[in-house]
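One chain, chain A, appears in both complexes that follow, with chain B as partner in the first and chain C in the second.
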Partner chain A sequence: MKVSCLQENLNKGLGIIGRAVASRTTLPITQNVLITTDQSQLKLAATNLEIAISCWIGAKIENEGSITIPARVLTEFVGSLPSDIISLNLKHHTLELKCGRYEARINGLDAADFPPIPQVGDDFSTKVKAEDLKLAISQVAFAAATEESRPVLTGVQTEFEGSKLTMAAADGFRLAVHRANLIEPVKEKVAMIIPAKAYHELNRLMGNEDQEIEITLNSQKSQVLFKLKGIEMVSQLIQGNFPNYSQLIPQTYGTKARIDVAEFLRAIKMAAIFARDGSGIARVIVTPGATVEAGKITISARADEIGDNIGEIDALVDGEAAKIAFNARYLADVLSVVKQAQVSLEVSTPSNPGVIRPVGTDNYDHVVMPMFVQW
Partner chain B sequence: MAEISKPSVRTIFHIDLDAFFVTVEQVLNPALRGKAVIVGGRPGGRGVVAAASYEARKYGVHSAMPLARAKRLCPQAVFLTGNYRKYVEFSHKYMAILGDYTPSLQPGGLDEAYLDVTGCENYGSWHGLALKMKQRITKETGLVASVGIAPCRVVAKVASDLGKPDGLIEVLPGEERAFLATLPVRKMPGIGEKTGKVLKTMGIETIGQLAEMPDSLFRSRLGEGMVWLQQHARGIDDSPVEAYGEAKSSSRETTFEKDTMDISFLKATLRYFAEKLGAELREEGKNARTVTLKLRYSDFETVNRSSSAREGTNLDDSIFQCAMRLLDKTLGNRFKPVRLIGLEVSHFTGGETQLSFFDAEAKRLEQLDRAIDQVRDKYGFDAIQTGYTLDLKQKYEGKMRDR
Partner chain C sequence: MPIKILPPEVTSKIAAGEVIERPSSVVKELIENSLDAGANEISVEAHNGGISYLRVTDNGCGLSAAEVEIAIRRHATSKITGLEDLEHIRTLGFRGEALPSIASVSEVEILSRDSGSSAASYLHLEGGKVSAREKKSRPQGTTITVRRLFQNFPARLKFLKSASTESGHIATLVGQFALAFPEVKFELVIDGKNSLRTTGDAELRSSVAVVYGLETAKKMLEVEGTDGMLYIQGLASPPSVERSTRSYMSFFVNRRYVRNALLARAVETAYEGLLMTGRHPVAVINIAIPPEETDVNVHPTKLEVKFRNNNTVFTALVRTLRDTLAKSPLPAIRSGVEDASAQTLWGQFPHNAVLPPLRAVGQLSSSYILAEGEDGLYLVDQHAAHERVLFDKILLQRAQKKPEVQGMLEPLAIELSTQQEQAITACGGLLSELGFTLEPFGERTCLVRAVPALLNGNNLNEAIRELLDEIGGEQDTQKRDIKAAQSLACHGAIRAGQTLDSGEMASLVKQLERTSQPRTCPHGRPTMIHLSPQQLKKEFGRTG
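Now for the complex of A and B:
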């Protein structure tokens, strides 16, 4: 293999695939980066066996070939080089890099030993706008469980039906559901559980670029492929049955309050300061006024040894007075990802879940289980 | 009699029960009095001495010594497996007595506590106050305490230890350094075998010599992190008595009779611990967020692995399942014979509960635990058993060691 490319392209490419390099592993070659000539480009790939990321960079190919090189050494060396042309020359299993007056030789391992990056077929294929997918991921993936006690809950239930994409995640204490549109409708309904971790990576890979993301599934329905501009990411799917989440969303409420998101978030963050030492409890009291507009909400917290705080905000309140306690962090998490200026909060009893929805769109439901406290 | 000190000078009591576990056994069974008694386990086993009576100590038996060795040194001793629950009961009574004198009470284990009695001058002399406490402890519990009185914690601790058994030593303000000076360094809390050896190679054998070492030499030999030790040796210790803090963790562990690679036996032991710890949490109305597994292999390599959940639990099954995941991971990395296994729960949260969507399953387990607790409260822990622990029953014939 003999190729040359720009330092900044190689550096950027290594940065993109870097997150898929295995950190602790029993298979040492997964700590390497696969470098292959692919038509007139240079393909870089890494896998930790859960996700695999490949990306293509422009290069001048003199001789075809491929090799795997330890990711850390290569990434650090290339990152330190000046912005100039790098030539890569493979001699047996040693990759020789030259850039201006700097050069290095790094020992690699045979590309044939690298775990095959799964080829994902086209049994199922659809497209979605990056912008829509990013919003869906940011509003849903954080609600997935981080503990492994129920593996399916560490994933995001992802459903394709007609021209709708529905994503849902729940960690047992909260549930987030987001609905988005597909660019190309799907022929039949397909559901899969994609690890939340993979979605976080995908979000990072999409950047802020305006693009279409192609989603395909392999024939065994065990892996999903996301095709971006010059980048591909494959993720293993989580096997199992996701709980039937639609029945977790309350259909009725006793009190509905419409609240300014920024004000609500401020009050919750203040409560979190005092709630930190306890179990993070924010007590929410909704009080209707003489008219709907005259309603208010107080949010308070207390810590035995530190003290307490209380904040009051205006709200449009419809229904009866209500009090309910939530983990302040769960409220802060959802309020931080809502794009609209206002949300509605629906509650019924202190032991029934509360529902938060952005006002002005019907594409997002967020359900939070309360905390049982002595009032 | 000591002069009542100025308010800027603190007065700290360190109170420590003499041969606590053994004395409890002797109170409950007076026939054991005056005899060599060792609590820890069966002498054929591989556990260690948890406590030895003074009669047994004469033969060189001390705590943390392997039981087999204790048996060789003192074959006539009465060996008892011990009853942790009883010890906790006695400890509660003992701490309650101490709590009558000052709220500034910091327990260190079941049998010792620091008391900051500064400002309690109306009791008269410190010596008289200490005597009164000792008498009450013996009268109300049958136990015997040793007391050290000093202006700081470390000196009070050394003093209570030095006076044992049934001791009472008061170190007056200004005399701390002189009091410590002639004592061997090993009397100093924080100096174990290892540090003791390092000091010995430098010719340092008494606390006084340690106190007089030039600062720079001390730092270069023992490191910046040990500077406090030299301060302690000089009788200087500003650390406060931290009023009655609740326990930060709770744990169980056991050393096996024989090293084992039997997974189902390890599982059964963890299940037993999980049930014990779960019952303890439920009784105290607490939940724990963190579960830690401790394994010691036959080659003494020791591994601690923890897992923290966002929400606490006190369910036997949740604690057990978490312990199992940790065990799988740990043994997955290194599978060799296991000598000791332990389980700890920590990061306690109060009784407030985060409700869950999937409470139905949790509720079922909660009811199950509550039902088992009720049976055990009435008829004892062994009265009811879960399937997981059957292995243990066969092995121990119902005589499961408590700690």
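Now for the complex of A and C:
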């Protein structure tokens, strides 16, 4: 293999695939990056066996070939080089890098020993706008469980039907459901569970660029491929059945309050200061407006040794007075990802789940189970 | 006082006292009789912990009218004929004491029919004397009903525990029989509720599934080995399945359930280095050995067994288990080596001493918080420290009857063993005071609807099962409450290996300062060690 490319391109490419390099592993070669010539481009790839990321950078190919090189050494060396043309020359299993007056030789391992990057066919394929996918991931993936006793809950249920994409995640205490539009409708209904971790990576890879993301599922329904501009990410799917989440979304409410998101979030964060040493309990009291007074919500927290706080915000209340306690972190999590200026909070009893929805759109439901406290 | 021979009603009660200790002993004796009679379906029914009502029904060979009359006399048995038979006992019973002993401390009804009789004989005994005699109809087999146990024996009655505890003992016992005799269909009904039902398909794994749950049964490894006259067979857990008590190890010698320290030690030895200290495997071990190599006549209950050659049995069991475990994928072996020099350098505190104000400066190995106090450096074990904080909080919340509870959006179904199921019944009040809402959901499954808020984000399945194990075996309510709080605190606490930010560290240290005994964790281990400026100076050679 003999190729040359720009230092900034190679550096950027290594940064993109870097997150898929295995950190702790029993298979040492997964700590390497795979470098292959691919027609007139240079393909870089890494995998930790859960996800695999490949990216293509422009290069001048003189001789074809491939090799795997320890990711850390290569990334750190390339990152320190000046912005110039780098030539890569493979001699046996040693990659020789030259850039201006700097050069290095790094020992690699045979590319044939690198775990094959899964090939995903086109049995099922659709497209979605990056912007829509990013919003869906940011509003759903955080609600997935981090604790692994129920593996399906560490993933995000992802359903394609007609021209709709529905994503849902739950950890036993809360549930987030987001609905987005596909660019091309799908012929058949398909559902899969994608690890929340993989979605977090995908979110990072999409950046802020305006692009279309192609989503492809392999025929065994075990892997999913996301095709971005110049980048591909493959993720293993979580096998199993996701709980039927639609029945967990309450259909009725006794009290509905419309609240300003920024105000609500501020009050929750203040309550969290006092609730921190406890179990994070924020008590929410909803009071409907009277003839002269506006409706309001008070949010309070207390810790025996520290003290207590109380915050009051205006709200447009429909229904009766209500009180309910939530884990402050759960409320802060959902309020931080809502893009709209206002949310509605729907509650019925202190022991039934509350629902938070952005006002002005119907694409997001967030259900939170309350905490049971003595009032 | 002159010496005299005791009247028979006194001697019979003394003898009964050795065999019949509690309702479960009655069940044990009766099931053994049923098994010796060749039954392959045995059903046990108990009310009020077996104290007011107990019934064991089997489809064994049954007794003829004449045999029934003899059976109720002391030392009447069909199982041995002379002293030489004691050398090679192959039946479970042989002393001929069970039935008369039971009869002397309760009301007994015997209904039995053998293959040769046209009708079943029925006997009703009160205080060991026959009070009614009839012919009744029933298929071949025996039903023995025991009522009002120990009514005429107040000394024993006084020492019985609550009905739910006694039911627990019966459930454990029937579970052990189910494990020993997978080919027999066992059924246990406690207070009208079906508590256990095995298939009798002769597969040990299906019995384990019934007694310890399907998940555990699926993971168990087959154990098989032989050493001369010994044959060992059974199921043992891979290192990934572990329990916090030894009560998940069952041993059967020639199919008789035994408690034997030697066998337990052999199993623990085989798992050495594979499990953390204080963790124990799940194992069901059958040992077949020529009867003359053992002595089961150590105690009337026959729960103990002696081996003629302890060493052979021990090494054979260890080797067989090691062979099995070697075939299972091994997790990383944890080393228990301690750094001896640490002891000399780092001082430990007297307990209960008040903590000086500490400032967290950093984290070591994601496990220890380095904190600075006015008198030097403190190393705080983050898990132990958090455990102490939570332990105090749990006790406080319980005392104030204000548990912090997090509801579950969707109830979580958890599979339980029979003992765990009994623990829920026996300790229902304690569990709800701690903040749990657990609902029975069919056989050996419960639905978790709410959990103490401090468990949020942890493995609930594991936390709840271990909590039930901890409290299930404890009789003393005060100790049980402490154990429950320890178990919850341990599961809710942050783990070693968890990276903390400076805010979290500061908050933890501050919370620790406010606890009742900041220097030790609820289990008594130190939460911190201390290095004084003098020690530092000395180590760096700054003092002349």
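What we mean here is this: the second predicted complex is superposed on the first by the 372 of 375 C-alpha atoms of A that agree within 3 Å, B and C clash if a C-alpha of one lies under 4 Å from a C-alpha of the other, contacts with A are read in each partner's own complex, and residues count from 1 in each chain.
Rule of thumb we're sticking to: a contact is a pair of C-beta atoms (placed from the backbone, for glycine too) under 8 Å apart; a residue touches a chain by one contact, two chains touch by 3 or more.
Given the structure is predicted, the values throughout are model-derived calculations rather than measurements.
Undergrad: Once chain A from each complex is brought into register, does chain C clash with chain B or fit beside it?
TA: clash
Undergrad: Mind telling me which of the two, chain B or chain C, contacts the most residues of chain A?
TA: Comparing touch counts on chain A for chain B and chain C gives C.
Undergrad: For A:P243 in the superposed arrangement: first (chain B), second (chain C), both or neither?
TA: In the superposition, A:P243 contacts both chain B and chain C.
Undergrad: Contact-wise, after the overlay, does A:V355 reach chain B, chain C, both or neither (first, second, both, neither)?
TA: neither
Undergrad: Considering only the touch criterion stated at the top, classify A:T146 as touching first (chain B), second (chain C), both, or neither.
TA: Both partners, chain B and chain C.
Undergrad: Classify the contacts of A:L225 with the two partner chains as first (chain B alone), second (chain C alone), both, or neither.
TA: neither
Undergrad: Looking at A:I281 after the superposition, I want to know if it touches chain B, chain C, both of them or none. Which is it: first, second, both, neither?
TA: In the superposition, A:I281 contacts both chain B and chain C.
Undergrad: On the A-aligned overlay, A:A169 touches which partner chain: chain B = first, chain C = second, or both, or neither?
TA: A:A169 contacts neither chain B nor chain C.
Undergrad: A:V373 in the overlay: touching chain B, chain C, both, or neither? Say first, second, both or neither.
TA: Touch status of A:V373: both partners.
Undergrad: Given 236-244, 290-298, 308-316 or 362-370, which one is the stretch of chain C whose C-alpha atoms run into chain B?
TA: 236-244
Undergrad: Under the contact definition given at the top, report the residues of chain A touching chain B in one complex and chain C in the other.
TA: 146-149, 170-173, 175, 243, 248, 278-279, 281, 327, 351, 353, 369-374
Undergrad: Sort out for me which residues of chain A touch chain B in the complex.
TA: Residue list for chain A touching chain B: 146-149, 170-173, 175, 243, 248, 278-279, 281, 325, 327, 351, 353, 369-374.
Undergrad: Contact residues on chain C for chain A in the complex?
TA: 401-402, 404-410, 412, 435, 450, 453-454, 456-462, 507, 510-511, 514
Undergrad: Quick check on the complex: what are the chain A residues that touch chain C?
TA: 146-149, 170-175, 243, 248, 276-281, 305, 327, 351, 353, 367-374
Undergrad: Write out the stretch or stretches of chain B touching chain A in their complex.
TA: 307, 309-312, 318, 321-322, 325, 349-350, 352-358
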